[in-house]
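Just so it is clear, A, B, C and D label the chains in written order, and each chain counts residues from 1 on its own.
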Amino acid sequence: MFKVALFGVGRIGVLHGRALAAHRAFDLQYIVDPRKEAAEAFAAEVRATAVSADEALSDPQLDAVVIASSTDTHLDLCIAAAAAGKAIWCEKPLDLDLQRLRQNRSALEPARNRLLMGFQRRFDPHFRALRHRLAAGEIGTLESMHVISHDPAPPPVDYIKVSGGLFKDMAIHDFDMARWMLGEPVADVFAMAANLVDPAIGAAGDVDTAKILLRTPSGRVCLISNTRRSGYGYDQRVELYGAKGRLAAGNQHETTVERWGAEGASTDRFENFFLTRYQAAYAAEVDHFADVIAGRAAPLVGLDDAEAALVLAVAADESVASGRPVRL
Amino acid sequence: MFKVALFGVGRIGVLHGRALAAHRAFDLQYIVDPRKEAAEAFAAEVRATAVSADEALSDPQLDAVVIASSTDTHLDLCIAAAAAGKAIWCEKPLDLDLQRLRQNRSALEPARNRLLMGFQRRFDPHFRALRHRLAAGEIGTLESMHVISHDPAPPPVDYIKVSGGLFKDMAIHDFDMARWMLGEPVADVFAMAANLVDPAIGAAGDVDTAKILLRTPSGRVCLISNTRRSGYGYDQRVELYGAKGRLAAGNQHETTVERWGAEGASTDRFENFFLTRYQAAYAAEVDHFADVIAGRAAPLVGLDDAEAALVLAVAADESVASGRPVRL
Amino acid sequence: MFKVALFGVGRIGVLHGRALAAHRAFDLQYIVDPRKEAAEAFAAEVRATAVSADEALSDPQLDAVVIASSTDTHLDLCIAAAAAGKAIWCEKPLDLDLQRLRQNRSALEPARNRLLMGFQRRFDPHFRALRHRLAAGEIGTLESMHVISHDPAPPPVDYIKVSGGLFKDMAIHDFDMARWMLGEPVADVFAMAANLVDPAIGAAGDVDTAKILLRTPSGRVCLISNTRRSGYGYDQRVELYGAKGRLAAGNQHETTVERWGAEGASTDRFENFFLTRYQAAYAAEVDHFADVIAGRAAPLVGLDDAEAALVLAVAADESVASGRPVRL
Amino acid sequence: MFKVALFGVGRIGVLHGRALAAHRAFDLQYIVDPRKEAAEAFAAEVRATAVSADEALSDPQLDAVVIASSTDTHLDLCIAAAAAGKAIWCEKPLDLDLQRLRQNRSALEPARNRLLMGFQRRFDPHFRALRHRLAAGEIGTLESMHVISHDPAPPPVDYIKVSGGLFKDMAIHDFDMARWMLGEPVADVFAMAANLVDPAIGAAGDVDTAKILLRTPSGRVCLISNTRRSGYGYDQRVELYGAKGRLAAGNQHETTVERWGAEGASTDRFENFFLTRYQAAYAAEVDHFADVIAGRAAPLVGLDDAEAALVLAVAADESVASGRPVRL
């Protein structure tokens, strides 16, 4: 069993913490959070100990850290954990500042093979099956793709203000998805964006609706469609168009129940909460982290992916600002 | 072009009449209906002449008749048309009285190869494709099947009273469908029926809801599910279960439009009118009748099918009356 | 935490054992299985102790038992556990012999409110939602229903021989489902059955394909369709037809991935393994058992349900034998 | 009945000619095509007379013309027909040269209320229902939309060479669709395009794959996705995203037949031929043209729409050439 420390007991930290506590491969020892009471309450729940970051990282028995603290702490914690020789599972993003990330990459290089970035969609069984079947040649050569990524409802504006904006906060998952499927680096980025959902988001200097086009050197084009508010739950679809057809992963409904009435047929609600939508993905991610620590697997998504997705987000921001495509 | 007379200008007669008038293979010459004004009005619309049955049948140039008059006239008109050497397309049922039908079969035998029974579902492209793919072995040997046949809403009770009852009037189509798919004669019939939809139907001595089981000698079982009122439009599905899987023909919606909202996904309405639902079937049936008259095709559904479906309806009535299965 | 003993470490016993071991409300203490090595191996895995049935039941600290042993031991173990005052979760069936079950009911009566029968489909979120929406009046009064229950592939014939036959072994789940939805007792049972899938099943005296009709006093009819081999995975659907429409729970696919090609659109495989198909149901069942032990809930499915489902299975057997409907 | 002349007996001309010949509101009198034999053969089929364009237009009894001749003749024929006072139904495009079209608009202005442009998708019942439900407010304010428009297979390269290119030939329908739904003029156009399907198309100077973004002043963005080869039939979908949800019109299958097997569920083929896919649209278009001639309706799609769609196609060409968005 690997001894592990959890940084951050917000929503996603609690999710990971409970999974680690129940997992056979892990021994969740430390809980770290500047909010003392929260840290201690959660430590009690999972039978761990609330400590400071230094205390956790200085334990030579500790194998790994899970970083689910606030975004602005991610990079420093990763650097410290890397220096201490710990395996790292860090929630996205690694950092919101591309310059800063690049300046600090050398400090993270030693951890490259033991640093897992929390792009959980790569572990979703639906998207994994999609990727596998694309690679198996089911639709021949990929020619274009669509990533529809519409959230159920916008987050509070206070979150928007510190989020880094639509592209770094939300589309970052979709940039990673696009990179995973495209099989080629992205050469050109163009984005159109607007503030249509909530004027408060615009007042905070952000957009809430966007269409992004990515192009690879061979001419493959990927559309990413984002909105902060779908009005109907999680809409997270990926459509791949190839020489021999189309492969797509669709949305999930809460149950299979269907009603037929005078107005037609209607399904049950769409999944409306990301923790439920990505439940299987999070579980698979924990398993994979155990494999990474054990050296049985290289991280499926890591340092280079974190930087590359951020590069695309920055380019999308630039494209919106200039009104022109950005060549990478 | 074949010269043809139409008997009956009710809803289905008008449908057939317009199709015949627009069809290249037909010259619709005579309209026959005891309701003079209706006959003449429709004759004017399609540029035909309103005449009596005798006048029509005694024209030696007349090739064929289409019988869409009231049920109680079908058998006599068929006999007269057969005697006059005309090709016949007769709406179902040939007759409601099995004894009477059998007593008069000899008079119809000469027309056997030129008598088409109006079980239009055999011409529906969906059910035809289903039958074709079953025959092509896509699911191996057929083991059981379900025919779901739910009407949108019950007809007026005045119609119920002269309809012959649920089995002879409505399930008769499903008996024919079952016979078409089963590939074996039916040996046993069991039915459970009730009056659940409209008390007036019960007061008229009929049922409005039924489940029927048919069994063939080899053990294949077919379920027929009937109700006079689905509450959601035409529900006319056929499901075939074989050694290698399932083949099914489903329902049709008015359009492909779909809405996604907080309550889930919802389709457009189901087709709600049999003339719309079976539009393609009726068109194909007219084409087939031209082939039958020309001698290019034997009737896809004919005299034996009319009798066999009626036998099953009578057996279902007996089963409900006795509470026991009926062996044929 | 409730101290619990597990009887039987076959496939379903291991499933329940692991769930109990990981569950916060349970402390899995004892593993009982006549196959010593298997018992000890599983006890080691879940950090429990392998003991005899007597040892387990004589521990006054033990709160509850989970009975997943071979069918012929269920009733005796339930009686012993009831006598020892333990809460009981017993896999179906309670017994295959209706007479024997009735003779021993008095011994089980004291455990009535603490005896949960393992009809796991009642805990399936899809069927629960269906039941809830029926009860909420979404389709008005229920008029008829269909339970399609087709297994992916037949079990080994050795299992068939001790299974009690198709109705007691497989359709028993569907009888319980029908009872749960119908809202009225069943008055009449009629079944047609055949040996179409595997001649070895017929040689063992059993059938593998059946259609069953159940009727309630008010005239509601339920169809149950069974086959031991669908050819396409688990087909477990429930369709409810009411005065205002239709409600149905459908099948589950392994992923949402869909392919469009020259042959049309195709989904991913259907769920093909009952432990996967009913994963959420089993998890909910464990939670419910904790509530039952704690006295927070009466068993959602219990002693009366076990007997009533067996009554229907016996009637179906009689109907096949006599060729006639059976009145209860 | 309106006397009408048909110009052009290619595939679409023959389709319209047969519909006009069978339609109660029309008397198809003249067939005009420089290929004499083809004109005479079709004239014989529909009982019309093959004449020259001048002969047709100089008949004062002639009410209307249907122009389905080669693209390069459309504008001149429209001008001549307008000068002769005839109602006009002209297949798209009015012309491939925007300058030329603008220079000649004054000659067409007098026919404005009697000139119907053949964007048949506006008459498709599915897209009409979509438009109607958007206008009815079912998803609140439109925020973005996707038009997926993938043809089954590329046309011959000889056609590509005279087609005007992907945007003027194929996307022109999608530009019209976008304009119809957006409810605002398009302000910005950006396109990425490539030659991925067939090198011969690239050798002919054209592209075969494109993603186009259109933006309106209020910030609504429309994606158009085009490929000359889907590999799975007609893929013509429109997805509307609004403040309260999503409305979409989907693809059509040849039948409702579905197969369930070990690999999952599979539908029948997608419609693979535009004349079949848009059969209902073409029929509705003929009806509408009768209403236009009779003065009962203004053209649903006319002169301004022809020019506006061409403006967008030209802008898309410019965007691909410059690599930048084009502001209109």
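Please note the rule applied: a contact is a pair of C-beta atoms (placed from the backbone, for glycine too) under 8 Å apart; a residue touches a chain by one contact, two chains touch by 3 or more.
Values in this document were obtained by computation on a predicted structure and should not be read as measured data.
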Using each chain's Cα centroid, which is most distant from the centroid of chain C?
D
Counting C-beta pairs in contact, which comes out ahead: A-C or A-B?
A-C
Between chain A and chain B, what is the separation of their C-alpha centroids in Å?
58
Quick check: how many Å separate the C-alpha centres of chain A and chain C?
40
At least two other chains touched by the same residue of chain D: list those residues.
139, 230-232, 235, 244-246, 260-262, 268
Would you pull the chain B residues touching chain D in the complex into a rising list?
22, 125-126, 129-130, 133, 138-139, 244-252, 254-262, 268
Which of the residues in chain D end up touching chain C in this complex?
230-233, 235, 253, 260-270
Applying the document's contact rule, which stretches of chain D touch chain A when the two form their complex?
139-141, 143-144, 146, 150, 188, 190, 192, 194-197, 209-211, 213, 215, 218-221, 223, 225, 227, 229-232, 235, 241-246, 323-325
